[in-house]
Every structure is written in C-alpha cells, then in structure tokens.
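Naming follows writing order (A, B, C, D and E), and every chain is counted from residue 1.
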Amino acid sequence: MADVGVFSWSLLAFQPPGWGGVLLAGFAQTVQIAIGGYLLGLILGLGGAIGKLYGGPVARDLLEVYTTLVRAVPELVLMLILFYGGTDVLNKLSALAGYGSINVNGLAAGIFVIGVVLGAYATEIMRAAIQAVHFGQIEAARAYGMSPGLIIRRITLPAMLPHAIPGLSNLWLTAIKSTSLLAVVGFTELMLVTRQAAGATKAYMLFFLAAGVLYMLITHVSNFLIGLLERHYSRGIVGAAK
Amino acid sequence: MSNDTVAALHFRNTGSKGCVRPHRIALVCVGMLLVVSAIWLMQWDWVPKYSSAIAYGVWLTLVMLVVSCGLGFVLSVPIGLVQVAGPWPLARLARSYSNIIRGTPLLLQLWIIYYGLGSVLPRYPGIRGSVLWPYIREAWPYALVALVVSFSAYAGEVMRGAFAGVPRGELEAGRAFGMSRWTVFRRIWFPRAVSRVLPTLGGETVLMLKGIPLVATITVPDLYGVFSKVRQETFIIYEPLLLLALIYCCLTGIIVGLFRFFESKTPARH
Amino acid sequence: MNDKTDAIQVSEIRKSFGSIEVLKGISLSAREGDVVAVIGGSGSGKSTLLRCINMLELPNSGSVTIQGETIAMQDDGAGGIVPADRKQIERMRSRLAMVFQSFNLWQHMTVLENVIEAPIHVLGVKRDEAIFRAEELLRRVGLYEKRASYPAYLSGGQQQRAAIARALAVKPYAMLFDEPTSALDPELVGEVLMVIGDLVKEKRTMILVTHEMKFARNVASHVVFLANGNIVEQGPPEQIFEAPETDQLKRFISSIH
Amino acid sequence: ASAEQVHVGFAAEPYPPFSSPDASGNWSGWEVEFMNAMCDAAKLDCVITPIAWDGIIPALTGGKIDMIVGSMTITKERKKSIDFSDKYYSAPPGIVGAKDLKFDATPGTLAGKVIGVQVGSIHYAYAHKHYEPAGATIRDYPTQDEANNDLLAGRIDATEMDRIAISTFLKTEQGAACCELKGMVEFDPEVLGEGVGVGLRKGDKELKSKVNAAIAEIRKNGTYDALSKKYFDFDIYGG
Amino acid sequence: MNDKTDAIQVSEIRKSFGSIEVLKGISLSAREGDVVAVIGGSGSGKSTLLRCINMLELPNSGSVTIQGETIAMQDDGAGGIVPADRKQIERMRSRLAMVFQSFNLWQHMTVLENVIEAPIHVLGVKRDEAIFRAEELLRRVGLYEKRASYPAYLSGGQQQRAAIARALAVKPYAMLFDEPTSALDPELVGEVLMVIGDLVKEKRTMILVTHEMKFARNVASHVVFLANGNIVEQGPPEQIFEAPETDQLKRFISSIH
C-alpha cells in the first residue's frame, strides 16, 4: 500500500520475474491473430461482396443472412458459439469420418473466429465501395468490349479501393481490438496475459496502462501505414489524401 | 454472371422486393426446419425459470444503451465540431482523445476504469465517508463512464466527418442571409450534418449495443451477465448462447428500424 | 440619373490568396435600380469580387458601403482588416441577397422551408406570414407545385429558381447573382433568365456576374469587364459590346461565339 | 508406446496457492504439483492448457482439453454435463469481511450487505441460493482475485471462498490489515458438493479409472501428503 | 454514294422501360464515312438509341448490324431478346467506340493509362506499341502534356478530349458520340467541337447525338430528328434546318435559340 500512485517499473522487466517478456509474447500473439483474421476476413469480404452484387438469388440471400447475423450478435457471444460450437462440430464431423477427435490449434481457431466476424463487415464495406464506383466507368469498360472478369479485375477493384480503404482500415483496428475478446475464451493474447500479470502482482494500473500503450503503439503504426496506402491508392481522387 | 446483371443491379437497385420468389420460400423452409429442430432437439426447460431475470437484463441493457448513447452523442458534437472548426489546441485535444479511445479495446478501458481507477480511488482518505461513496463503490457508474467515453469518441469521429461534409456553399448561403454563427450552426450545419450520417450513427449504436456485454466482466449484471449466470447454473452450453444471440438480433432489428424511421423523416441524399 | 443614391459602393478592394493578388483595387458603384453586369474570363476574380461585397471573403483592404452605411473594419494586426462589428455585417448581409452559381439550397429543407428560413430566423417574421409570402414568391417563379419537394429532387433550373425565391423572400435591398445560369443545361437557362428579366423590370438593384453576353446586353444598365483583377473597361452595354476600346475586351467578346 | 498426451485444463486466472503462472509462463502451486504427481502415477503425459474459467466446461466437452484440474467441486448440477474423478481435496467455504463491519456467516446478519463471489463457483451458487433471498446483494466476479481486490478497496463488504483461499488471503499484508474470517458457512450438500474432483468428459471411462487409481496411489504412497505439507499446515484432503 | 457499304445498320429497334416505350421501332443506317447527327428534345430517346446500338441497353426487339455482321440475338423466354453470344458482343463493342456525355474516364488511371487500357487488355496490343500510339493521339487532341495527370485534375474540356483519345485508341470502325459537349462550360465546347471536326474531315463513320445545332449542320452528312421515340424527320442537314416539314421539327428548331 505504500506505493500508491508510484509504479514499480521493475515489474515490466523483460526477464522473469519481470512480466515485460510475457506481455510482449502476448502482444505478438495478438498481432498474429489480428493479421491472420484480417486476411481471412478480407478474402471472405471480397467473395461476399462479389457474391452479393453479382451472385445468384440464393447466394445473395445466404450472404445477407450471414452479414446480418454476424453484425447483429455481439462478438463475445459469437466467439463463444464459434469457438466452442465450431470445434464441437468439427470434432463430430471428424468422428463421423472416422478420424476421432482432432485437436484444433488454438491459433487457427482464433483466426477463424475473428476472420468470420470481420468477413461480414468487410463484405458490406466492399459492396458499398463497389457501388460507389460511378457506374459510367463500368459502362465505359463494357463499351470497349471488356469481359466481366476483366472489368472486375481492371476497373471495379482498383476503382473501388479508395472508397474501401477508410472502412477497411477501421476494420483493421477493429481486428486488433477484437482479439482482446479471445481473452474470454482463455486465449493467451495480450489482454489475458495482462490480467494474469495484474492478478499475480496486484499492480493493476501498471499493467493495464502498459497494455494500453502497446495497443496504441500498434494502432499508431497502423494509422501511419494506412495513410501511406491511402495516399497511394487515392491517386486521381481530388481532395482524398491530405 | 452476365454483363447485364451488372447493369441491372446498378440501375434497379432494389426494384423487386418480392419475398415470395421460389428460392426464398425454400430458404425460409430450411430456416424454419432449423428453428423447429432446435426447439425439439435442444434443451429449453430452463427458460421459464429465468424469464424474469432475462427481461430485467434486457431492460438494464437498454437503459445503459440509451443513456450511454445519449450522453455520448451530446459529447460527440463538440468533439467533432472543434476538429473541423475549432482553434488548434482544442482540435488537437479532441483528436488525441478520439485516437486514444478508438485505439484501445473497450475491455481494457473498462478494466482501467473499474479495477484500476476504482481501486485507487477508495484509498484517498475521506472518499469512503463522502456522499458519493455509495455510487463510487457500485460498478455501474464505471461502466457508464466507460461506455459514454467510448461512444463519444466513435460518434465524435462520425460527426467530424459529417460537419466537414456539409457543403461549404450551404453554410455560406446561411451567412449570406445574415445568419449569426449560432443560427447557422443550429439551423443548417447541425441538422444537415446529422441527417447525412444517421445511418452511420445507427451503425455505431448497434456497435455500442454489442459492446455492452463487456460490462459483465466488471460485475454489472446486464443481459449477457444474466445468460452467463444461466450457463453457470445449468451447465447448458449452447442453448443460452443461441437464445442470447436471438435476443440481440431482435434488439439490433429494433435499433435499425428506429434509425430507418428517422431516416425516412429526412430527405434522401441523392 | 444623378439624383439616385448609391446603393452599393465598393472602393479600392484588394484581395490576395496567398501570394496571388486576385483583386487589385476594384472600385464600383451601383445606384438604386441599377443592374450592373460583371463579365470577364474564368479566374478573373468575378466571384471573389461578389463575395467581398457581402464579406463572405474578407478583402485585404478597401471598403464597402451599402445604402450609405460603410461596413466598419479594423486592423487585424497582421496587415489585413477584419470586420469591427459582427452584428453590423449580419445586418448588412440580410439586406443583400446572394444567389449562388451552384444554388446552395439547404438540402435538408423543402423548397418552402428554404424560402421561409431566413425571414423567420434572421428577420424574425412570423411563420404564417413568411409562408404566405413564400408561397406568393414560389408562384411567381413557377415553383408553387414543388414547394414540398426537397432540392435534390428538382432539376437544375428549378433549383436555381428556388434559390432566387429564397433570395427575394428577405425583401433584399439589392441582389448579388453569381453566374446564375452557368450550372444549367442550355434548355434550363431560358427559364432562369426570364425570372431575372422580371426582376430587372421591377427596377431592383442587382450586381450580376454572367457568361450570357446576350442577356447582359439586354438587361444591364452598366457593364464592367474584369481581367486579371482589374477593371479594364466599363460603361453602358452598347459601348462595351459594340465599341470595345481595349484589345483585351475585343478578344474576349470575339471568343464568346 | 510412450504415454499419450493429455491436455489438462487449468483456469487461466491465478488462483493461489493452487495454481498461478509466473512471469516465465510456468505454473506453480499445490494443484500443479498434485497434477504432476497424479500424471506420473498414471503414466500420462500431461500438458497444461489454460482456459478461462467461464468456458472451461465447454472446452472439455468440445475436446479442447481432456480433463479439468481447477479446484472444481463435484456437484449434482455439474455432474449432468461432465464426469468427475474421486475427490482429491475438500475445503469448506467461509465468509471473509471487513473488520469494521459486524456480521457472521448466517444469512440473517448479511442482509443489506454486498457479497462478491466468483462466477460459476460453488460459492456463487451458495450465495445466490442462501444470501440473496435473505436480502444481500451478490456481485459476480470473473475471478476470486478481483473480488478480493474489491474487498480490499471497500467496494464489497464480504466475499465467500474456501478455507484455503481464506487463509492465503488473510496472510497477505493487505488482507490482514482490512479483513477477518467472519465464520464458516452452514453446509448445504446440494451446492457445496462432495469435495473437489478432476473433471472428465462424460463417457471417458478409461481416463477416469486411470485418474482414480493414480489418486489412490499417491495418497497411499505418501506423495500427496508430502507435497501438501509444503503449502498447508492442516489436512487438505478433508474427512 | 451508293457504292459505300452500310457501316451501321439499325432496324426496327424497340425499347421499353417498364410500361413506357422509349423507342418505337427505329431504323437507321450509316454508310462508311457518314456522320449521322441525332437531334431531338430531352427524353426523346436519343441516348437510349445510341446505347442500344452497342447493346449497353438491350432492345426489346429489332436488330443491329455492324460492318455487315448482325448481332445474334435469341429469345429470352420472357418476350424479349438477349444476345446469343457474349463474345460476339464484346468483339462488336471493341469496334465501336463510344464517347459519353459524362466522359466516364477511369478515375484511378492517368490519362495515358486510360488510353492504353483497352488496346492492351481487349485488343492485346503490346504495351510499348500502345503507349507509342496513345502518345500520338494525345498530342493530336492537345493533351500530351497532361498524359500523367489523373482525370479528376483535368478541366471538363480536357477530360472530354481524353475520352475521345481513348476512343480513337482502339482504332474503332465507327464512333458513337453521346452529347459530347453538353456537360461542358461554353468556353470548353469549342475545343471539343474542333477535335470532332477533325475526325469528320478524316471521313470517320460517326453517330453523334448533339444539342449544338450549328455544329450538326456544319459537319453532319445526315440528320435524324427524334421525337417521342419515333424518327419524325430525317435528311441532309440543309433540308432539316432550312426546310423542316413537320410542325414538331419547326417548333424544335425555333426553340433552340
């Protein structure tokens, strides 16, 4: 009690008994899941957006159900359902196929869960971005005899990027932050190790603030990189890049 | 995928909204089948016992949502405005506030405020005896503060874009008619900005609704808390989660519906 | 003509953006009932001049007098001037009505709401009365049927007419028009010019920036030709269009058709 | 073949003196040593897998882990979804409260007080069953640790935990300064159960018999008592 | 004149949007080197006709023949027709180059990239060669200096000229112009008309929807007047503009200045 307001910084040392190394390991884990989940989300989102815009009626309705459900239910609940239900179903399937229970890699499960959640948001972002591309541009491409695949590749996607980047970059920040929810399912990412460190040492404020600094660090670096990307891809849009 | 679907989509938008097309009927049937089999095959006998607790949880969640979004929005207006038109120190301040809050997880903010700040506060002599103590020792004020702060940062960012997005010409038109700054703000800038971003604000409100379960980790018994209690007491794993997801879908539907209603009251953008 | 008072008097207005001097000391006056047409190439500073008159753009030096009252300015301590009294500016502006090139209708209000907004919230007219007058004006510009529509649903010509009705609703002492037809389809230009023509017949004081030379010639009592931030030539329309003196004006007139 | 790998679920939150991780990620505590001894005896290759307490049962049924060694009390309710080994310790629960408040462990005296408990623990079940109806407010914490912390901060008046946790808590400087044991709670077998056992997936008969045999063996050969002495000055196995 | 082959032949094209019939059976033919000007009031179906020619809009019935090859259509089972062969359509389109009223330049590409896009990715021209030709074209329309700019940074007239260069880059057999000047400032109209005038001199086949009557009269070899989805009158420009037969055309001509 004597050190109220004074942090014992030695707790953050990298070598045990300092917790710095543990924190950094958790942080690395966080970044890994976030990147993996985000990439998966982007792939799902791109497929989803194209499916929603150009797909058949059944595909469109199913995608609508996917995006609506995932965006309506809290991530925490989705994670519990997907994390436990998902592995449950997987086990049952593999049992049916005669492989017995398989142990799902925690990292893969985390990436899967985050990816599915982010995919729904990415679908909507990319769909809106594609729609924001002035229709005349696509029409001009058709008027020059381009095939649909070529149009998507050469015109729609690159023209959509400047519209999608702000949404997608927000989504990236969301990805980083939503890894913190995996703490609830006992995944050893930054939040959970923070809590362990705080609980073990009782230095709650110190570790929470340290975690905050780490999160800020990554969002800041990301913001900087996103800014570069945005400037690159919004060439041709007046007043887009500041 | 033909050329012409591409064209048709862009032109027609959502022309035919028929729910009675054959594939829809098939999908609805599959959905019904899933629901019926869920009802039959899964275990729901716990629902009556907890129904009043669930209702209370819904009520508490809604109260927190309304209060945090309401107060958060009120805060977000100056936060957004000073970034667009304020003096630079204020603009900087608002910018950093918004960056810090949006850059860290809500879960962490809740813990910092409740376990961090909350455990430091009582150590100051005098606080335990003060009239505020009954509130300070409760968990919900911390939850509310964290939610309001969070919403104000996210909505502030939306409002910043909204204020910046109102065409300068319309503001100039206001000034050209001799309106004072306050009148321009009250009659043109603010309503115009809000009407542009109503859908986005609706989205932020849904995000807020979905963030509320995190307050259960600081002992506030919201809707999610009620269901984790159900799960802990009955050891039923999936059914409570599914019902919880359903309730959240309904709440989201209501929020989206409300915002649609407000949107229909404001002119379309195109 | 000399017995008419000066409605708008602009003297020695200078305005720079950064290092570029856009207006290099412009003086101009319009007497009551005058229609002054400002013509000139793109970028010659026409819009800037108009915007300086109602102080949407602060001139670097010079003064503006409306109806005998000079807008009080004071040094801003950095070599420029700023209005000394915001209330005065607001009062002045409520006497001048500006019609913008891009209409600038308030998109979140219906046509009628656009028209009654300034009378109610600036002049303090009662709502009923404002509506009564607004409907009369809308009938006059042929938009009565569209009074409940939002601007986004109007054609360009209709929007411009709505903007004119909005300007007229404040019973302005003088009107400033900034290229009221340049954003319009050729087919819509006619209807807007007709409405402005009506206003001219009423002997309203107006300053009018325009690209429509034929129109300027028909309605203006005075034409000012701006180039590179200077008034190069001015005079009655016959003189400007039929007997241009400077080469610059001659070139300009021949380039327009 | 050598021993097969068995994933042992531990509550990810520190729960001294039973299990807590240190900065190098090693787990230590009585329960960790117990597990090691047991696994040695059963010739199992055990791997510690930390799982949040809240999700530890789904993790077991979902196959993420194969057993739970997490101070989990054997109760009727839990038995509906998982199996248990024989008990490996038992500790009766008690109430700890601030020194300056007057109450004991009977529901009547706790009326109007705020009691913190860990979500999903037997104390949680007990408090909701006996103290809440009597007029106490129950606050549910993710971990006991946080409840203790709030007790120190004065934000709750009391907490219910088992005797071992109580003695550990009251040995800490802050705990000793603020709080005292108010009394042991009245026994209710329905919620307080039959001691602490290893949680096992339903139907995992083979593992269950191995575990039971191992527990019996280490109790018989003295390993159990030897490692308990390092932590406790009384018989943790209970009667 | 009869020895020239029909470059574009449109026969009996009908097109409805919902219940409104916009084209009521239009037939039209342009021989090689012809410049057909299509005039008519707003909403008369001019753009729709042009869009039907390269199947950006699917006609409900009728056929289009380009350079002797008829676009194959088949019943869609719902009373309309759909192209039988998408590859054929894509090939046809690559022979017709369309210049849109609103330019429709690809905003994410520079002017040069816009011009080389279709040659490389549709015609399979090598990049170097495409660039070489594109630069030549850009020089011709006076945009060589702007080749590395993005469209958003160009003036309207420059954008339209870039669009024309893009169209020329595919060495089109015929060109379709949809009101190429109506989105432009009066001052920019001139430069675009000049470029089109050059193309006319080269004897390029063109179908041209325009509001610029004076221009139509000077360059067209044939003028078609559309009203309410029908061809009301057609003939050589002298006849159409000097000796209109129908009242409708008379009214139309007098309404345009």
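Here is the rule we go by: a contact is a pair of C-beta atoms (placed from the backbone, for glycine too) under 8 Å apart; a residue touches a chain by one contact, two chains touch by 3 or more.
In UniProt terms the chains read A = ABC transporter permease subunit; B = ABC transporter permease; C, E = ATP-binding cassette domain-containing protein.
Just so you know, these numbers come straight off a predicted model, no measurement behind them.
Number of steps on the shortest path from chain A to chain C, with steps defined by chain touch: 2.
With centres computed as the average of Cα coordinates, no chain lies farther from chain C than D. Looking at contact counts per chain pair, the maximum sits at A-B. Using the average of C-alpha coordinates as each chain's centre, D ends up farthest from chain E. Chain A and chain D have centres, each the mean of its CA atoms, that are 36 Å apart. Inter-chain spacing, taken between the CA centroids of chain C and chain E, is 39 Å.
Averaged Cα coordinates give chain A a centre that lies 19 Å from the centre of chain B.
The centroid of the Cα atoms in chain C and the matching centroid in chain D are 82 Å apart.
For chain E, the set of residues touching two or more other chains reads 56, 86, 89. Across the assembly, chain B contributes 2-3, 7, 115, 119, 123, 217, 237 as residues in contact with two or more other chains.
In chain A, the residues touching two or more other chains are 1, 80, 84-85, 139, 142, 183-184, 195, 204. Partner chain A is touched in their complex by these residues of chain B: 1-3, 5-7, 9-11, 21, 23-24, 26-27, 99-100, 102-108, 111-112, 115-117, 119-120, 123, 206, 209-214, 217, 224, 237-238, 241-242, 244-245, 248-249, 252-253. Those residues of chain A that touch chain D in the complex are listed here as 1, 16-19, 21-22, 25, 80, 83-85, 87-88, 91, 101-104, 183-186, 188, 192, 195-197, 199-200, 202, 204.
Residue ranges on chain A touching chain B, taken from their complex, read 1, 4-5, 53-55, 57-58, 61-62, 68-69, 71-78, 80-81, 84-85, 131, 135, 138-139, 142, 148, 151, 173, 177-178, 180-181, 183-184, 191, 194-195, 198, 204-205, 208-209, 211-212, 215-216, 219-220, 223.
By the touch criterion given at the top, residues 54, 57-58, 61, 77-78, 80-82, 114, 116, 119-120, 124-125, 128, 139-142, 146, 149-150, 152-156 of chain D touch chain B in their complex. For chain B in complex with chain C, the touching residues are 167, 169-170, 172-180, 183, 187-188, 191-192, 195, 266-270.
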